[in-house]
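My questions all concern the structure below.
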Amino acid sequence: MRILIANVNTTRSMTEMIVAIAQSVAPPDTEIIGITPDLGAESVEGNFESYLAAVGVMSKITTYNQSFDAVIQAGYGEHGREGLQELLDVPVIDITEAAASTAMFLGRRYSVITTLDRTVPLIEDRLVLAGLNERCASVRASGLAVSQLEADSKVAAKAVLRQATLAIEEDRAEVIVLGCGGMAGLDRTIQDRLGVPVVDGVTSAVLIATSLVRLGLKTSKVRTYATPLTKSLSGWPLQLSPTDN
Amino acid sequence: MRILIANVNTTRSMTEMIVAIAQSVAPPDTEIIGITPDLGAESVEGNFESYLAAVGVMSKITTYNQSFDAVIQAGYGEHGREGLQELLDVPVIDITEAAASTAMFLGRRYSVITTLDRTVPLIEDRLVLAGLNERCASVRASGLAVSQLEADSKVAAKAVLRQATLAIEEDRAEVIVLGCGGMAGLDRTIQDRLGVPVVDGVTSAVLIATSLVRLGLKTSKVRTYATPLTKSLSGWPLQLSPTDN
Amino acid sequence: MRILIANVNTTRSMTEMIVAIAQSVAPPDTEIIGITPDLGAESVEGNFESYLAAVGVMSKITTYNQSFDAVIQAGYGEHGREGLQELLDVPVIDITEAAASTAMFLGRRYSVITTLDRTVPLIEDRLVLAGLNERCASVRASGLAVSQLEADSKVAAKAVLRQATLAIEEDRAEVIVLGCGGMAGLDRTIQDRLGVPVVDGVTSAVLIATSLVRLGLKTSKVRTYATPLTKSLSGWPLQLSPTDN
Amino acid sequence: MRILIANVNTTRSMTEMIVAIAQSVAPPDTEIIGITPDLGAESVEGNFESYLAAVGVMSKITTYNQSFDAVIQAGYGEHGREGLQELLDVPVIDITEAAASTAMFLGRRYSVITTLDRTVPLIEDRLVLAGLNERCASVRASGLAVSQLEADSKVAAKAVLRQATLAIEEDRAEVIVLGCGGMAGLDRTIQDRLGVPVVDGVTSAVLIATSLVRLGLKTSKVRTYATPLTKSLSGWPLQLSPTDN
Amino acid sequence: MRILIANVNTTRSMTEMIVAIAQSVAPPDTEIIGITPDLGAESVEGNFESYLAAVGVMSKITTYNQSFDAVIQAGYGEHGREGLQELLDVPVIDITEAAASTAMFLGRRYSVITTLDRTVPLIEDRLVLAGLNERCASVRASGLAVSQLEADSKVAAKAVLRQATLAIEEDRAEVIVLGCGGMAGLDRTIQDRLGVPVVDGVTSAVLIATSLVRLGLKTSKVRTYATPLTKSLSGWPLQLSPTDN
Amino acid sequence: MRILIANVNTTRSMTEMIVAIAQSVAPPDTEIIGITPDLGAESVEGNFESYLAAVGVMSKITTYNQSFDAVIQAGYGEHGREGLQELLDVPVIDITEAAASTAMFLGRRYSVITTLDRTVPLIEDRLVLAGLNERCASVRASGLAVSQLEADSKVAAKAVLRQATLAIEEDRAEVIVLGCGGMAGLDRTIQDRLGVPVVDGVTSAVLIATSLVRLGLKTSKVRTYATPLTKSLSGWPLQLSPTDN
């Protein structure tokens, strides 16, 4: 089984980290291929950047030259999943939705801890559109940008732990979702310190994707995600030089 | 990995069928153990019978004498999942919720096709309480009781197919969930005939349960599903002679 | 007119207290009969115990050997009401719903003050399923178990009063619902101290039940609460020795 | 106990009919006083007329010269209840809300059958504002004006019966609420023919009002229904010559 | 183009202020006519007064003796708009709705700052009925009555600024709506101090009304706002001597 | 005042038509500038094409070399508005939202008539995210693609009229919104034939945009639409050769 996992930013080191995490929980026969878009921002923290990511990822997936069994889009609250579903018939899993869906099996309400406050509305919107927000107790921001989260793991742990604590005590969350790839590794710390299950989007998505493939289930092409009609397209797929960062 | 899968009625042949279906999709290292309650009805089609099932299943699971890694409750729209979550810390998966959650990854809206009209409200209530009803297009009844579904597979196929067609055309469902164990085997037929993904609750639940175990995730004990306080209990666990049917 | 009022726990002294409260507001021609389940816990503070109560109460009501005109289930946020409605055609009143419904005639929003935090989700779920949660400002826990509420009335009054005050000031409640039988007697204190109407579930339920009987209204058997189909039942009705506590 | 029941139109014969219905279910010690507004329309079938009713009723109730224990406003989907609640501290019961609240104890979903289609939105709005719409399956119009309903009881019965049948079969209602005083007497017919409980607003309201009085419960004055501030009023109370029709 | 703008209270100086504000943003060819009701209160802060306003305004508009192109009702959270829509076919704009609708184009969530806490529920109800509450972060009270707001502009500015700050910081509002005519002039102050757009109801309503007239759009008479049926009316239109304050 | 109006497809003749419609209702001092994206499809009927449009439009607006006062995005149910709001501080108006917001002032419920069934979910999602769906009675598809709508105006009129009729009769819409630029000109026909107000998105948007500019209101930059952080971008703005169609 081959699964493409698409980073939403153009930072290759981030893609490699995501692939490593995904591989760590994938069944033995599963090949994880990382995809980095050529169009976009070095990190995604808002709608503008997220729209670039949507198109950048679609372009790279569309032109991927081998067969694959599922696609994971590895960004929190990002645009684009519906476009991939139209273009493909294999399952497409968004990690925000994968994490929320997983959390709902573990407790009555979950909270997402994300990066900057400005990304909270994107995640809220994504959960609303996916029909997964009813049991969302809150989406909380650590106040740290993606770059800051990676730069200082101690500061990151402290900030995330503080918001997780508030989510449990004030918002009545029973499960914590880590809403940024840069928080990988913090799950054990928080789980140990707060005694609640902590869900990571990438690992959740890998197991959902492989499960769907195993069950032989694919995206419904009946209505919303029907294949695009054949029509004249301009500038597509994108022809940009690959990023060098 | 050992997974207990509890039938909600007292019919042992049904338990065996469920185990067989579950085993067919389980990873090789997974042992599936069927559980049949002593208290309850030969089939469950209403609240009264469902409450008996809830207590019957809890009693059998509580007194199971070996370790296990997850529990699946294999009834549609049944009571009881929250009680098991209080009593255990391993994941507890309800097949109604497993199917709905799986369906939401495959299309924008799903419909459940169940047995008698009287069971529709139970399934609707369960989806509401689980926060999974937002993308539910409809819960439709085939009009056939569990016993009828099993007695004549041609009649069953026709009735289920008809409701699935209406779900797609009138309710705008893009994915069909088969809401009764007795419908197993119909998924291929419907998928081929209607061209939409068809989700089965038992197989979905097995893959979700094994995924959670693999990820090391357990039920949150922080609030709703905290272990019951120690107190005086009367008549518990149930001491009934096993059913012989 | 004869009304059965079912305690949800196995503590007979609690049943007697409930009967006394019910009798105090019942019309002169009304006989109140207390029912204590044989199966269950000495007090109910969670889903597991509540499911036992549901089955314990159904068993005792089903085997009650005289005619009656209505049933009241006297537990907050408990399972079971729908099962009784299937088994009977006389009105079945849940006190959580009776209290909420009554409170909505007195002010724009109401809050429920209950015992332990772990019971809050049960009450919230019950109000959602009954369609009575729209005007619920909050369900707040006093932090005291049923046993503690009864042991020290001064501590109980203080804890309940504090949460009622917060409900009014922070959650904008205009009516307070006392969400535990053990709080009986506190209604006058709170009403006098806080100047808002305080609704008790048992007394509300008695007047709703007698009103329905007077109007000749019974449970609809058309769909959700239709009489269970005739089928083979195991272990039913329960055959347990009565509790002695 | 004295209860004022206010007609919302200026037709005195209608007031008398309402009083008779109310008296028929009131406890023996209860005096029912009919109130007819001087300002307003001979029948109310829209917002304009309903606003006149609101002010006409408030004016008559405010100037009523004896003490009373509760007020019932006997119009379906009408404006005005909140104003009365501000002006008084005794309970104020709207018959739309009384009927909906009663119906919810008898079945999972209810439908209201009203007069003209143009009154449907008023009833829907009232149920939304009262927080009682969650279990409303539909509000259906018989297509007959108030005057037509009264003129020909056979035509009325047929039209109402037809909509009640559709409510049960298509909207999945389990209880029918008769949404117009002019339908009084049809409840038995429908109950016998369709086998579902039929709820009348006036009788429901009388029993709720007397119950609240018996429990010593009054309108909360804490926030929404606080007594109006003392300020300069023009043209109030209304000084109009009484209607002569 | 002639637009009638109706004050909801009987204070003529307030009407003049509203007209001045409206005129300041109206296109050159637009004549703004102020309407002051004869029936009602000197200021409106509750349901009782608001119902008087509804009828007082309808009476004055109905008897206005020249043609006009649109009506604005200049009160926050007031009753009456639907009645005017039935009586007229020109557009009728409620300033609460105009402000909310405008705010939603400028940010993801808005908050309304109003006068006394007792008026908050009226505004909330109005937004719910208009279907404009989904993006309402909060309705907050400054704690000052209309008369106090006008009496001391410094105190008013401070109180409103404080609540606007809390709306942004705690409720996550991105736009502030000033929910009282008496706050006119505060918009610049708040916009400058808090850096968020501040929307005024009267100016928003004027531009919406003139836009609708320009587009040739009128109130739909198809159902809810159909012209009232011809029937016998008592006391209508009101015959009261004009207020002299 | 200069307003940019962005077509979402790459068909220049469509841009010209949109500009003409916009100009026809714009105030005299308003300059309307049409924008055609270089990236994208000749018509937009799905998520994939809509994401291309979002990025194509942002790229062209970002690189527009003169000042402007507002932006209108002229596509139904399209992605991208939030991205433009981050990049700009002038008002950004989506025509779907403009039309819905306008329709809500004219009747209690509105329906949108769009092109192909596959675009219905996009419009529904957009209305949900904008908080404007509460009063949406339905989104109905005419079944005609954009190209078909333009090719045969008689067929188009018939198909749209049929769905508008169903929207009024079955879905209880009181206002019709034409959900495709290609339907321009049909508004008079439908308004005359069905007697309900018909709202066009482009003209509504022009008047909302000019109103906001006149009121000095701009996009809130406080949270969701804050200016993107400065970071490394790849491939941005797009460097594609302009389309030649």
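Letters A, B, C, D, E and F name the chains as they come in the text, with residue numbers starting at 1 for each one.
Heads up, the rule we're going with is that a residue touches a chain if its C-beta (ideal position, glycine included) is under 8 Å from a C-beta of that chain, and two chains touch if they have at least 3 such contacts.
In this text the structure is predicted, and so the values were computed from the model without any measurement.
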Co-neighbours of chain B and chain D resolve to C
Most remote chain w.r.t. Chain D, using mean C-alpha positions, is A
Greatest Cα-centre separation from chain F belongs to chain C
Here the gap between chain C and chain D, centre to centre from mean Cα coordinates and rounded to Å, is 29
Chain B and chain E have mean C-alpha positions lying a whole-number Å distance apart equal to 53
By the touch definition above, chain B meets two or more other chains at residues 108, 121, 223-225
The residues of chain A that touch chain F in their complex are 10, 37-43, 45-52, 54-56, 58, 79-80, 82-83, 85-87, 117-118, 120-121, 125, 128-129, 145, 223-226, 228-229, 231-236, 238, 240-241, 243, 245
Touching chain E in the complex, chain F uses residues 25, 27, 91, 93, 97, 101-102, 104-108, 130-135, 168, 172, 174-175, 195-197, 199, 203-204, 207-208, 211-212, 214-215, 217-225
